[in-house]
Every structure is written in C-alpha cells, then in structure tokens.
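These are the structures, in structure tokens.
In the two complexes below, chain A is the common chain; its partner is chain B in one and chain C in the other.
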Partner chain A sequence: MTKKAKRPAREAVADTGAQVRINVHHVTRVEGHGNIVVDVRDGSLERCELQIVETPRFFEAMLRGRPYLQASHITSRICGICACGHATASLRATERALSVRLSEQTTLLRKLVMHGEMLDSHILHVYMLIAPDFLGVGSVIPLAASHPDIVKRALRMKQFAGDLCATFAGRHTHPIAMTVGGFTHYPKREQVEALRARAEALLPDVDATVELFGTLPFPKFERETEYVALVQPDEYGFIDGMIGSTEHAPRPLEEYRAVTNEHLEVHSTAKHTAHQRESYMVGALARYHLKHEHLHPRAQAAAAHLGLSAPCYNPYYNSVAQVVEIVHCWDDLIQLLDTVLARGIVPEEPAPVTLRSGARGVGAADVPRGILFHEYQIGEDGLIQEANCVIPTGQNLGNIDRDMRALVPTLLTEPEETITQRLEMLVRAYDPCISCSTHFLNVEFVGK
Partner chain B sequence: MPAKPKIAFFDFSSCEGCQLTVVDALQTHLGLLDLVEIVQFREAMSEKGEDYQIAFVEGSCTRESDEARLQAIREQATIVVALGACAHLGGVNSMKNRWSIENVQTYVYGKHGRELYESYPARPISAVIEVDYAIPGCPIDRNEFIQIVQKLLQGRKPKLPDYPLCVECKLAENACLNKQGIPCLGPVTRAGCAAICPQYGSGCEACRGFVPEANFEAMRDVLRGHGLTDVEIDAQFSMFNAYQLKEMGDAAPLSAQSGNGSRRRATDAEKLPSSTFAAPKEA
Partner chain C sequence: MADHAGTLVLGVGSLLMGDDAVGVLAVQRLQALPDLPPGVTVLDGGTAGLGLIPLWDGYQRVVLVDAVMMDLPPGTIRRFSWHEARLISHDRTLSLHQTDLSHALALAETLGMLPPEVLIFGVQPEHVEWDRPLSPAVERALPDLIDDLLDELRSELTHGA
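Here is the complex of A and B:
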C-alpha cells in the first residue's frame, strides 16, 4: 500500500555549476510550519527569509461579539504550548479593562501556573528539540535509545511541570480553572505539599541539566540587536510590569503599539514588528538581558557556568538562557509553594468586574518565547468589541531574517547540509511557536 | 494491518495541543512505542516516512489548498482518525464562520489581508475526506487516546459514549454547576472526558460535540435561568460547534439574535464599522 510521497522531504537539484536549489519543507522539531528560503547567486546573497506557511486562524476577528468570560478560554487555543500564557495575558487584558483588583493569592497562583508552563516549554525545547542537534541524532526518538538517562530525566522534569499547571489550573493544555478575577478551583493542601516535596527531590535533575548544556558546543555567531521583555521593579517576573528595552526607557503596557509597530511582510502569514532598530528579539535571552540581576542565586551560578553574561548577541544562546530560566523557575516555584503553604489556601470568589461602555485594557505576559500582548475593548453588555494579540514569534521573525542574512555569507564555503543545519539550528534557537499564527521551516537554496 | 503498524501524525489549522497531549500520554505509556512505529510526527521528530497505515489528523481544514494534502493522507492510510475538536467538529476555528472571509481577513491583516491570506470557512476534516474515527475534545483526553489506540491495535472498533457528560459528572461526585448558577453544557454534551471542566469548577463548553438527541430547548431554559441573554447562550453553544450548528440549519438551537449560527451569517459583519484595531500598518 505504498503510495508516492506527496511532497519531497528534501530535494537537491543542481541546475548548473553556479546555481543550486535546496528545498526543505516544514523544518521539523519546531512547533509550527515554516520554510527557510536562501537565494545566493554568483556568491552574493540575494534573498534570505523565513516563510511562514501555517494557515491564518483569525482569532482577533473571532473574539468580536463574544462574552468577556470566554476570551481566555478561546485564546488559550491559539497555542497548545503557551496555552497558560495566552490565558494569563487574556485575563489581564480583560481585568485591566474591567477594573478588577486581584487578590494576593490569585497573583501567587497565577505565577505558579506560568512557572509550570515556562518549565514545560523550556524542558521540551532544550532537551527534545535542541539537544538532538548536538548529540548527533535526528530527534528525541533515537535519543531515547542512545541517551536513555537524558530522556528519562527530561520526562521526569516535564511531567512535574505539567502536574504543577494541572494542580492549580486543571491542565496545561488548555487551562480550566483560571478565570476573570481569580480561580474556579483550589487544590487541597496535601496536593501542594506533595508538589513541594517533588520539586525538592528533582533538584539534582535541575543541576544535571546545567551540567549537560555546559558540555554542548553552541555555534559562534553574533549580531547586535535590541532586546525587549517585561520588567518588574523587584523580580524576574513573567506577568505584568512595564515593557523594557535594552535601547529605550521602560514604557507602560498601554504603549505596546509604539514598541511592536506591526507590519506585513509578504513572505509570511505572521505580522512583523520593529522598535528602535529594524527588528528586535524577545524571549529568554531578552529577559536575561533586562533583568538578570533578579535571578535566583542558583540561576546566576548556572549562567556563569554556561558562559552566559550580558551583553550576549549570539542568538544560539537563547537556549542557554532557557536553561538558566529553568533553574530560576525551579527555585522560585519552591519559594512560591512555601509562601502558599504558609498562607494556607483559602477558596475565594473571583473578584468583581465593573462593566462600562468602551472599556479598554492591555494585558501582557512574558511567555516561554517572549513578550505577549492582548488588548480588548469590551462593551457595557460584556461583549468584546475589538481585540488585538501580538505574539512573541511574530516579534522575533524580523530578527531571525536579519540573523540569517548575517550568518549565511559566513557559511558559503560550507557544504549545503551544513548551511541547512546551521540555519535550522538558528531558527530553532528562537524556539518559534508558529502555531501562534503560523507554521515553520523549509530551507530553499537558489544558487551558490 | 501489519503486526507493528506504522502511524503518522499530521496537523492542519490548530494549536497542536492535541499532539502535545499525545506526547504527554506517551510519557506514561512508553510501552505503546513498542507496538507501533511512528513514521511521521513533525512536532517531535525530524525523520519522515510516507508509508503508514494509521493517520492521526489534528486541525480543521480552513483553505482549499489544504484539501489535496488531506486527500493524499486518505489515499495512503487504512485508518484516518480525527484528533481533537478542530478536526472532529471544526472547533474554535469555526467561530470565524459567522463573518464573511473578507471581513476576518481585513480585520486581522488589513486591506491586503484578502490577497495574502487564503482562507475559507473552517470545517472538520470529515467535510473533505472520509474519516474512520474521531477522538473528541479540546484538547483530547489522554486516557481516551490511549484506549482508542489500544482498540485500533486489537482490530476492534472504538465507540464513543452516546450519553451526556452529566453521567460522568455524577459518577465523579461533582456538585452540579447548573444548580449553583454556573452555566454548564454538560446536559447536551457527549461524555468521555471524565467531566474535567466541571471538576475544576468551570462549566462544560461542549468541546466534544453534542450528544445524540440533546434537549436543546431545556438547555436554553436552564441557561436563561442563570440570567444569560440570547446572545450569550448562542455564544455558549457555538464556541466549538459553530460549524455543526450551521449544518443543522433551521434545527440549530440558536436565537435569531446573534450571528453565531446559521441564520444570520455574515449579516452582522457588514454592520460593523471598519476597524484598524488589530490590523498591521500598511507597508
């Protein structure tokens, strides 16, 4: 029952001695669909870009006319990996529009859910998507055979992260118990105590993660860029705060459009962004630059061990910054669980909303792949009138294009397989979650 | 079917959360990997094989140019399984169907949206190809996924529950949310998820689709009793099932007050003032 392959995984056709074409459809091991196109003619780079080929889904249009209580449940469906992050940014947009004051407990529990998602996503990315590149295997499946201890450790850590989300929000994809003004469910004390004990017991795995990534050779490549992330006065946080930049004073969230400046690029179904330069970068490396002084001591030590210090303009080090954030989130969640246990868990009714005509609010969360904005306008009838979402991967696309344009000329003497691999690794380092809007990766060479 | 069937995963318009749930399910059922050979799973592996017997398809079909890819999967696979609400029902993607395609293209991508972003009303994959089985839910339930795969490997036919969610909710000893004033679609929704949303205090949103012979009128009465307006009730019904409701035509349990279903499609859209709220700057 074999049938012809619908589409070649990789086609390499030598046209002439001077013109070569390589086409890799749907670069694997990223969440989403994209193609890389590289066009080199007579030794000069004519075109180099990341094409997004995922189907657009029109979430912002869908939200119009829907009750505000549905917004976080709808928008968590933008991305299966960042589901809690989308829900959080969505809830904050609604809550800021409707003048909701959150309790201290709600804020604490939301942080724990975000930590669970950050860990789940980062562990998936560094162990299952990045590590195979360095350990010389195609993916996590052969990795399980060649390095079973590494895969088992990753699964242990990832399962904990998922259980952390599930304990407070019902599940990671898609969270259930987070609602406007608070939560609809609270765990029992024993569940929180059990999580606390597991977190402690898994600390050797966290240390082993730092050790492992300390041994991997990250490619050397640098291009100066602007970093953008949420900043808070006294913490390495992931919810609320101001919009920080390495090249501009912090701005309030309401000014996000002055940072993102969304515009269309014809080759991509995602919108591109630009702030002080032609492009900027968001995500773990950006967060590290803007607030590394607030990292937990163990995470600071991990950064030193891994050779990460600011400024670092090597985008491959985004994966290193993710490892540092794994350490930070782990220590922080232990602290947060201790706080929750010390306060005791008190079931609360969600905080009340104030409906008024044309209420607008911006919500932001720094999700695994970077800063995420939701903005809604909600009518007096509680129905959403306008919606806008600016996703992290969209913000990184312009920066990826420019990195590729800087990288390719340095690789022209290398075999195409090497160029392809280095470009794929570059794109993967950004951890693009293209289902946010779109899908990723093909490499197409024209001429060389 | 060979002793060790080859299986492949594909995604169309979706968040890929169902495939992630498959990854999570495999974490606790690693033995399953000894019984099958995964030849394609783009989200988790680079290796790619085109020889497979069972295809799991996540996502809705939302553009004509995706139909050929679906048909190629159908041609190759002995068994095609719709994975999750988007593939099974149209899911959240079909919420956009209440507007004209031009309207949503322009709202999100500005005046060039129409030419740059091909799209048509979202539909379940069964609207394009024949589908053998569905694993419902948004996302799928990992235990149900394992059970259905086990049945397929044993050569048995998986059967979905044909009773409402309330049955499972009662078995889980949850207090009824509708009785506490919290809107819940459990009475009209197909069971199979162990009532996970009510268990976490949140009303069912019918992501698994409607149960056969659902009493929608009684459901509307209950929701009205919570003080929900007709527009809000329509919004409850249509979060995952907008495509299904449109297919029901005049039998759809919708008021004429909103454009959420079959009756007023695209009429509201034209009433909206043009907005640049979400649109990018023009180049």
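Here is the complex of A and C:
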C-alpha cells in the first residue's frame, strides 16, 4: 500500500549525516489503518508522513436521496466510538436546515449523551491506548497483568459512560432514541436517579485517574500551531456555538469551509485541512485552549495538577487535556442530572420541521477527537440532496505530519526503535480515527 | 457485580457484516422462544468489544455465539472451550477501539473477570463484508445452531467448572 509520494521541500536536518528509514505498517492502538514513513538520507529529511491507507467509505453519497429522518442513523455508523457525536452533528444540521426549535429538555438530554460518549472515548484512549506506552507495557493485556486495579477502574468508568448513553439515547453505540426535533424515548425517573448515585460513587475513580496521569512522564516536544474548536459564550460545551480559533475571530458554523479548506495529499485517502497556517489541531487540547476558563473547578484543579496551562504546544498533552475533560464532563453530568431530576422528565413530541425548497443547514459537535461538521441540503420533499461531513481526524492529519517532521530531526541520535516509538506515541496522542476520516475518493488520484 | 449464578448466552457480531451477523441472529431466535431453560439469560453483545466484560461478570457460565474463522467449510458449527478457542481464533482485529472477542476474553481472564465456564459456539463464515445478507451455507446452519445451543443450555450447570 505504500505510495511513492514526493515532498516538494527537502528539510535540512542537523549535520549528522544520519541514515534513518522507518516504515511502520499499520500503527497499532489507533482506529483504522495508517502507516508512518520516515526517510532520512545523509542527515536530510527526505520524507516523513502519516500515510492513510484506509478505504474511503462514501457516506455522503449514501445519504443523497434518503429521507432526512434517516441521516442521523446512517451517519452514526461512520464511527463506533463517536456514534452519538455523528448523530448529534447530523441532527443539528437537519434541524438548522429545517428551522427546528429544540426544547430545553432536548438540549439538556443531548448534552448528557455527548458527555457519556466523551467519557467513554477518553477513558478508552487514555487508559487502554496511552497508559501502556508510559507504564512500559506493550498493550492493555500486560497492563492488566501488572496493574489490574488500573484496568478494572477504567472498565468501571467506561461502563458507566456507556450506561449514560444507553439511558438517554436508547443504546450505547449507534443511538436510537435521538431524532430530528427531540427524542423518541425517555428514561424513567428511577433510572436517572440510579445514574446520579453511580456518578457520585465513582468520583474517587475520577480523582484516581488524575493522580495516575500526574505520575506519567509525557515527552517534551513543542511546535506552535493553531487550535480550532467550538466555542460558546458561557460554557465548555460540545454542541453548537461558533468556530473558535486561537488565530482568528470566531466564525459562524456556516463558514466552516473557510476554516477547513479541504484538500488532497498524495499519501492519504483522507483529505487534509488548513486555516491560518499550514495546518491546525482539533480535539481536547484545542478545546482546552479556547475555553478552559469555563471548565468546572475540579477540572481546573486537575489541569494545574497535571501541569497543563495555555498556551501549550506539546501535542502529547492532548491526552492530558482528555483527562481534564474526563473530570469536567463528570462534574458537569452530575449537575445536568440534578437539573433533569429537578425539572422532572416530561415525554415530548419531537419539535416540528419546516420543509422548503433548497433548505441548507450546518451542524457541529465537538466530539472526542475534535470539531465535526455535517452540512445537508434538503429538498421540499424531505429528501437529502447534498451532504458533506468534515471529520476531526482529517483536520488533524496535516498537523500530525508537520509534528513528525519537526520531531524526527530532534531524535536522530536515538536508536530507530526509540524514534519509532516516539512517532507512534505522537500519532496516538491525537487519538486518530482513521476509518472515520476516509470518506472521499478522487478517481484520478487512485489511478496514478 | 451481581452474582447471577446462571448461564449467559451472548451473541456477538454485526448485523451489517454478512455472516458476522450469525451470533446476533441466533440470540434473536433464542429470545423469541417461549420456553428457555430456567436460569438462562440471552443477550445481544453486538460489537461491544471490551464492553462485553461487565456483561458476563458474575455468571457461572457464558456461552458465546460468533462467526469464527476456522478454515472449515462455510456453515460448519464448532463448540469450543475458551482454552481451545484461543488456539484457533483468527485475529481479525481492525482496531483496538473495537476490540475483538478473543481480546476481550484474554483481558477478562487476566483480570480474573471470566466466568468459570466459557464456551464458544463458532460458525465458519463464508463472507464478512459490508451490507451482505447471510450466505446460504450459514443460513442453513442457523436451525442446527439453535438446536445445539438448546441442548447445551439444558445440560447441567455444574460440569466443567
């Protein structure tokens, strides 16, 4: 699958005369298939890139001609991790296109579902995929042998997160109860009370998570970049808002294409993006930069304990920001559950839609790996005429490549094994979801 | 976790992936039966990966039903213990985000979170691909699979512990 891509610029490397050739086929502990290729000849960095070799999946084409009510269910299948996030972005795109006004209860419950998914994904990532690197074990199985309590804690927290999604969205993966305008199913009061009690009981696990990651030595590496995330005026939110950037004034969601500027790179079946620089970063670290002042106090304290403060240009700290978000989401969901219990759960009919010719809408959710956009055009007959999805991992790919190119020259005196490990850790820090981001095929490109 | 003491039948796989649906379809058929043996719980485990571990925790016996690559003719049914299954389990792990069954079993075993008795009913798939129906061979095997599972469920809970 290796493609012969040529980099236009040869990058000078310290005069070491080093020869390094690294070819990691199918980086492990990331979602989907990606290869790391490094080629240093006579101390000059000829090539350094994350090749994306996953097959494109054509979800946007699948949506065309389908009724708008199916869109969230189809697109939730883009990802088995961010199913709720895709459903949410999809619903918001449809709802904005069809002028739907959501009730306060719907907004509350959607936030709870997103928190469940954020926790599920972050817990899996930091405990099962990141921690083994730092604890000197190859994967989660030896981690379970050497540190069973850590893995059991992760499973406990992850199960709670899954149950939170299932309670409000009908099931854990691929939510069934969320629909355009609201929900089709509501939990009983006792279920919500039980969740509230479990959330409280698991708080020591949340604190232990912060303690654990405070002991891990994150690699030192910095490269300045632009951060992009959804911003809201008064919360550390994950749904709606404006597109915030560390280098540009916030833009309305409708201007997302001015941020993403998708383009093709020869070594990737997923499109790359660029805004104010050659690349930008999305995800927990980006969100932290753009709205950390809205974090819950316990999450602010966690950030301080973990040595995270803005600006932080160390991409390995994305995992640290994920830990901070675990704390934030946990405290926030307790507050949200209290609000839900105080209001009482009132089954409602979904809010009505207004169909009209050529309706367009952009929906956005800041899912575990970063900002996600869906845009639909829906005809008067309720059928989808056009769809576009811009996925977080695609937005991070350009940044990963540039990080790798900056990192490799600093490691040339290290053994190839160390370079490989550091590069794999770098890629994993972005928590890439490669299968989700490969959704476009340029026939000319493939034929080359 | 609660001590269920009984038997859990857990069908694993994706309804969208051709013959990989067989475990979930078997579970759906069992759930539709009016007279399951007492002490038996039947669940669709889908593609829950590591999320399967809490599901079987606390049971005396778990009976897993899944498509398994065994290099046998499509539709062939084999009954394995977990120990035997490890030897033949075909690693089709696409990622660690959706960990496969053998990985979840290995992790649970390391953590001491496996039921005393773990049985796998494997069905050799013909194709595991997006948006394909069951192959005729696996379709034909499904009634036999249900019969085999019911025979197993009616057997004593105590053996093999």
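Quick note on the criterion: the second predicted complex is superposed on the first by the 415 of 448 C-alpha atoms of A that agree within 3 Å, B and C clash if a C-alpha of one lies under 4 Å from a C-alpha of the other, contacts with A are read in each partner's own complex, and residues count from 1 in each chain.
The rule is short, and it goes like this: a contact is a pair of C-beta atoms (placed from the backbone, for glycine too) under 8 Å apart; a residue touches a chain by one contact, two chains touch by 3 or more.
Remember, it's a predicted structure, so these values are computed and weren't measured experimentally.
Annotation: superposed three-chain arrangement on chain A; chain B versus chain C shows a clash. Shared-chain residue A:V140: touches chain B and chain C both. Within the superposed three-chain arrangement, the count of touched residues of chain A is higher for B, of the candidates chain B and chain C.
Contacts of A:H73 after superposition: chain B is touched, whereas chain C is not reached. Applying the stated contact rule after C-alpha superposition, one finds that A:G162 touches each of chain B and chain C.
When the two complexes are overlaid on their common chain A, residue A:P148 makes contact with chain C while staying clear of chain B. Applying the stated contact rule after C-alpha superposition, one finds that A:M128 touches each of chain B and chain C. When the two complexes are overlaid on their common chain A, residue A:N261 makes contact with chain B while staying clear of chain C. Note on the chain A alignment: of 97-105, 151-159 or 169-177, the part of chain B that runs into chain C is 151-159. Across the two superposed structures, the residue set of chain A contacted by chain B and also by chain C is 28-29, 31-32, 77, 80-81, 124, 128, 139-141, 155, 158-159, 162, 173, 435. Residues 1-6, 9, 26, 28-29, 31-32, 54-62, 64-67, 70, 73-74, 77-81, 83, 124, 128, 132, 138-141, 155, 158-159, 162, 169-171, 173-174, 176-177, 179, 183-185, 261-264, 266, 269, 271, 375, 377, 381-383, 386-389, 435, 439 of chain A are the ones touching chain B in the complex.
Residues 28-32, 77, 80-81, 124, 128-129, 139-141, 144-145, 148, 151-152, 155, 158-159, 162, 172-173, 433, 435 of chain A are the ones that touch chain C when the two sit in their complex. By the touch criterion stated above, chain C contacts chain A in their complex at residues 16, 46-48, 50-51, 53-54, 94-98, 103, 106-107, 110-113. Residues 11-21, 23-24, 27-28, 38, 42-48, 50-51, 53, 62-63, 66, 68-69, 72, 75-76, 78, 91-93, 95-96, 98-99, 103-105, 107-110, 112, 116-117, 119, 138-139, 196-197, 199-202, 205, 229, 231-232, 235, 239, 258-260, 268, 272, 275, 277-278, 280-283 of chain B are the ones touching chain A in the complex.
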